[in-house]
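What follows are several structures.
Next come two complexes, and both contain chain A; in the first it sits with chain B, in the second with chain C.
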Partner chain A sequence: MVRWQRSLWLFFLPSFGLLALVLLWPLAYAVYLSFFDYYLGAPERTFVGLGNYAGLLGEARLWNSIGTTLIIALGSVGLEFLVGMGLALALYRLGTGARVFSTLLFLPHVVTPVVATLFLKWMLAANWGLVDATLLTFDIEPPDWLGSPFWAKVSVILADAWIFTPLVMMVLYAALQGLDTAQIEAAKIDGASDWRIFRHIIVPALIPAIIFTISVRLMDVFRFFDVIYVLTGGGPGTATETITMYTYQLGFRMLEVGKASALGVITLIVVAALLFTINRTLTRIYRRGDQ
Partner chain B sequence: MKLLTGIGAGTLGVLTAMSASTPALSQDAIRIISHRTPALEYYTNAMKEALPEGRVNPELMPIDKELELASITMSSKSDAIDVIYLTDTSLQRFAANGWLEPLDDLWEKYKDEFNLDDFPPSVIESMSYNGHIYSMPILTNTELFYYRKDLFDEAGAKPPATMDDYLADAARFHSARRAGTIMSLKPVDAALNEAHWYINAIGDGWFDKDWRPIFNNEAGVEAITRLKEMSQYAPRGFTAHANDESTINLQQGLATMGLQWFTRAATMDNPEQSRVVGKIDWVAPPGGGARVANDGFAISKFSSGDRDEMFRMMATAASRESMTRGAEFAMPPRLSVLENEELAQKYRWYPAARAALEGGRPFPAMPDFLDVGEIVTRHILRAVTGEAEVKAALDQAASETEKLLASRGYYK
Partner chain C sequence: MSNHALTLGGRRNGYGLFLALCLVTFVNLVPLLWAVLTSLKHPADAFTIPPTIVFEPTLDYHRKVWFENDFFRFLTNSLIVSLSTVAISVPIGSFAAYALSRIPRRSAGPILSVLFTIRMFPHMLLAIPFFVMGTFLNMIDSYPLLILALVAINQPFTVWLMHGFFLDIPRDLDEAAAIDGCNAWQAFRIVILPLARPGMTVAALFSLLLSYNEFLFALVLTGAKTKTLPVAIASFGGEDVSAWSLSAAGAIGIMLPIVVIMVILQRHLVRGLTAGAVKG
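Entry: the complex of A and B
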């Protein structure tokens, strides 16, 4: 490195400063608050060390919310991936007209999630909602979409999938554009079936895009808040109370800021661990495929 | 931290989006936030008209959103809100947290001009905390029992007088297209109101004299078991229903009867909103013990507005003349208006409301009751939806409640 290049690190400072201000400082402050018994209505806060963490980890409600988060995360990401992959392949094979269809299919993702969910909420409203009214016209008794613990989870998964499947579809469709068609042609000449072409040529070629999509979506779903907040508010009971909904209840309803901060830190650790595991697993599969 | 920041931003985004349709006003306009009901639309409009055009900017929203927005704003000591609508329960909490401006000096100063002695002492007491007045009383609200008089008459039946009658009637009038009863179990506020009725009418109440939970005793379990039984005759989606949804169900003829606020009564006879004009009648809730509330408007401790101007604005909206006009939407807390016999003749739900007031009960007078409500309604819903047994759910709720109240210094 020549002498003038040694001072280049100074250019790094503005962006680092900005990041520190908007990301690292709030993070550090939340970690700091997590060590206090801090009720927003109380005149003072008391240092409790790891008390908030111990209290939370001993609560059945936390484990229940983690379980619900996992069900909703895996359900929605799984559905988004399967449908997104199907649509991406369909668009890839469609050729002409693919651009028009991809634009139309992308529309749900363009609408703000809160607005899209408000649409869905009124569509799923019992009796007079569009879905219920339509089914009742044909004398079909609809399920209690938002009122039954099972159907509330299903509704949340479907809502998330409706909004985010287009994103998955677009990423995978973009990745398909870089596919080496010569390999597919060669496989066809060798008599490979569509399934074998998909399994042994298309999927391995898409692995980097798949890793990216699943990681980003899982990270998003673990921070999933707006859709549940609008659609079910975490209910009925605790049926759709995810870890972020629980954090929100603690922080903004009960005003227990110390405990809410501790739960935020726990969430961060859980998400980081999960992403690390998934990334490692998928990368290992990818490398094994290379060999 | 990223997650909390995200949640905060998301919440604020949702709350801000709700008020996005409000036109921009001058910077020093008095900002009022309020729950949205026909009565509160009337009173916030009365406050708007009390001052020159553009001085007042009212924003109306569902009560849970209003309280969240107020909690976030006031806990950060922001002056973004000047005047806030509060129920007697939320007033206790906000006053205990030091977020409200005491009004004693202004009350004394304007007592004669606005005839403030016309408010009964019990109402002023419910607007007070630790001996200080914090809120201008706007309405006395009570829950009534709404029922379809035409259907009951047709069946030769009388409205239910006991909870047993209510269950039998709900079963009798229930059909695929018209639910036997409305039921509002959306957490926290709506579900808490519904549970409050059962806990008082069948159970022994919420707490003993030392604030120890008794809602999980034998009578409490029976009360919530009855609520669960009753839910089989409620419209689909009742766990996500609050007052708006239940009102629509009654107005559209999709439900036969049930508990709903006095403030919704007038809308049953509004031909633009209702298909059951003249068909609904009201009685006091069977078994008694439904919620009675005194609501009002308070001034934020952090408001940078003129206290005198804001107080006069609230007092004008709460004047005798204003309340006589507003009696259509809510029961006015002024004695001179309440004793007006013309109102009882003009508004046919007033006799039922007076009877309901006699048998009704307010929420327990503790600043933390809404937090208790968050815990209890969550577990009651677990029981109603079959996630847990009633007894186990209530025991869990009682245990969490005791833990919370201990941490807030109730058992020293």
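Entry: the complex of A and C
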């Protein structure tokens, strides 16, 4: 043990001090604000206790936004996981040249999300966008990508998947490269099929990476803002309005900061509950697979 | 590399796989390529059915967006914000990460969990109090508030990431430095820090990416004076089709530096992405 071990806490000070000041204090302030009926700019604020929460929970718009968030979250994370896993396995199996492919496939993820979404918006624009123009060339009537409630959700899911599948692919690919190949060789010599190798050797070894990607992606989808803001603005109507979009509308458009803070706190609770459940479920599946 | 170990299918499958990957990669890049083409087109070529692929390219719109539309000012704002974020975030993050790697595991564990929890906070929940406080302190549309916000949301990941790198540096070095008469600061500064350079590169790269690309805080905390590139491009003629060539040129300009940096530093990027996953 080094003699100055005790003075190490000084090293924590700048970082944790800043976190306390810039993250925890505002967070506490938001929780405090959530108990007030407070319109930013109004001279007074009135204490309403849990009134904001009660009001929100009785609102159809809130439940609609939670439903939309879940549809978009499950749709995009599911799609990202399936495609990402497929691509990671393909890269792993390809071996030579995988580096070039992984760099090219990864590109959409590094592009500024706002910019990437604009690219997609131009592709999906009615009539003149590349997708519509191509379909119209072959006399196929394209759907209203951003204007119909159903297709707008599909477009948002596709946009999210386009931007984040590369991340899932990269993490799983890196995990695959860390696999113990001797075990796979042995299984092959014993005549195991590709599927059995995948199911019983590759998947169990990837569980930590899988839990990691799914949790990180899910918590990101819940706070995911730029893509929807640029692509649909939450529309048409409130068809793609997620909890985050609704909070933005409340806080920054209607300036009802008390109610918006309450909604933020609700989001935090939902995300925490969801993450907890997912981690537990996946860990349980993992343990069962072991036996 | 373990190529031969995994030719699960065999040679014949290899070509099919290669072609499939080529196809997927191409489809994946179509939106990027199309935006590049649009930025080089006159509007007359941009709105056609069927889409025009052969046309007379022009760099006019690239020139216009940067020299006649204030994009240089937005770039300056973006650079001020993201470089300051890196300059604050990486040093203080590395102090904390170093200490975290040197205290006993049973105290470090809970701290890491807290950091992970903080990382999952919905940013919208922080944006509201920031906006309210910023309004009171009259700090909306100034750099410091945005920079502080970005450093803070970045900090948990930075510490988490660097912690892994410091763990790989043997403690014996600290002890040797102590015996040679270094105090904690000197040991860190002279002995440990030079060895942690790869970790600092990765952390800096991620802080840079995050702060250059960040949208929500930039949107609500900046104004006409301090607008960053993502905010500028989002409010710039997304609706009006006749502005496409111009916005596409702007968008490509924003994208290029990031793409270049990323292709050069891909190795570091992958290391950062997988730091959480592989170490569990």
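By definition in this document, the second predicted complex is superposed on the first by the 276 of 291 C-alpha atoms of A that agree within 3 Å, B and C clash if a C-alpha of one lies under 4 Å from a C-alpha of the other, contacts with A are read in each partner's own complex, and residues count from 1 in each chain.
By our rule, a contact is a pair of C-beta atoms (placed from the backbone, for glycine too) under 8 Å apart; a residue touches a chain by one contact, two chains touch by 3 or more.
Note that the structure is a prediction, hence the values are computed from the model and not measured.
Trainee: Kindly classify A:174 by the partners it touches after superposition: chain B alone (first), chain C alone (second), both, or neither?
Mentor: Touch partner of A:174: chain C, not chain B.
Trainee: For A:39, decide between first (touching chain B), second (touching chain C), both and neither.
Mentor: first
Trainee: Per the contact definition in the header, classify A:265: touching chain B only (first), chain C only (second), both, or neither.
Mentor: Both partners.
Trainee: Just checking: does A:223 make contact with chain B only, chain C only, both, or neither of them? Give me first, second, both or neither.
Mentor: A:223: touches chain B and chain C.
Trainee: Quick one: classify A:144 as touching chain B (first), chain C (second), both or neither.
Mentor: Only chain B is touched by A:144; chain C is not.
Trainee: Applying the document's definition of touch, where does A:27 land relative to chain B and chain C: first, second, both, or neither?
Mentor: A:27: touches chain B and chain C.
Trainee: Figure out whether A:114 sits in contact with chain B (first) or chain C (second), or with both, or with neither.
Mentor: Both partners, chain B and chain C.
Trainee: Which chain makes contact with more of the residues of chain A, chain B or else chain C?
Mentor: It is C that touches the greater number of chain A residues.
Trainee: Could you look at A:92 and tell me whether it touches chain B, chain C, both or neither (first, second, both, neither)?
Mentor: Second partner only.
Trainee: Considering only the touch criterion stated at the top, classify A:127 as touching first (chain B), second (chain C), both, or neither.
Mentor: Touch status of A:127: both partners.
Trainee: With the touch criterion stated at the top, can you tell me which chain A residues are shared between the chain B interface and the chain C interface?
Mentor: Common to the two interfaces on chain A: residues 23, 26-27, 29-30, 40, 114, 125, 127-128, 223, 225-226, 229-230, 244, 247-248, 251-252, 260-261, 264-265, 267-268.
Trainee: Can you list the residues on chain B that touch chain A in the complex?
Mentor: So the residues of chain B in touch with chain A come to 1-8, 10-11, 13-14, 17, 68, 71-72, 75, 93, 96-98, 176, 185-188, 235-240, 245, 248-249, 252, 254, 367, 371, 374, 378-379, 381-388, 404, 407-408.
Trainee: For the complex, give me every residue of chain A touching chain B.
Mentor: 23, 26-27, 29-31, 37, 39-41, 43, 114, 125-128, 132, 141-142, 144-149, 223, 225-226, 229-230, 232-239, 244, 247-249, 251-255, 260-261, 264-265, 267-268
Trainee: Name, in rising order, each residue of chain A that touches chain C in their complex.
Mentor: Answer in residue numbers: 2-5, 7-16, 18-19, 22-23, 26-27, 29-30, 33, 40, 87, 90-97, 101, 103-108, 110-116, 118-123, 125, 127-128, 130, 133-134, 136-137, 162, 167, 170-171, 174-175, 177-178, 181, 184-185, 188, 194, 197, 208-209, 212-213, 216, 219, 222-223, 225-226, 229-230, 244, 247-248, 251-252, 257, 260-261, 264-265, 267-268, 271-272, 275.
Trainee: Under the stated contact criterion, what part of chain C meets chain A in this complex?
Mentor: 1-9, 14, 17-18, 20-21, 24-25, 28-32, 34-35, 38, 46-51, 91-93, 95-96, 98-100, 102-103, 118, 120-133, 135, 148-149, 151-153, 155-156, 159, 171, 174-175, 178, 183-184, 187-188, 209, 212-213, 215-216, 219-220, 229-230, 233-234, 238, 241, 244, 247-248, 251, 254-255, 258-259, 262-263, 266, 269-270, 273-274, 276-278, 280
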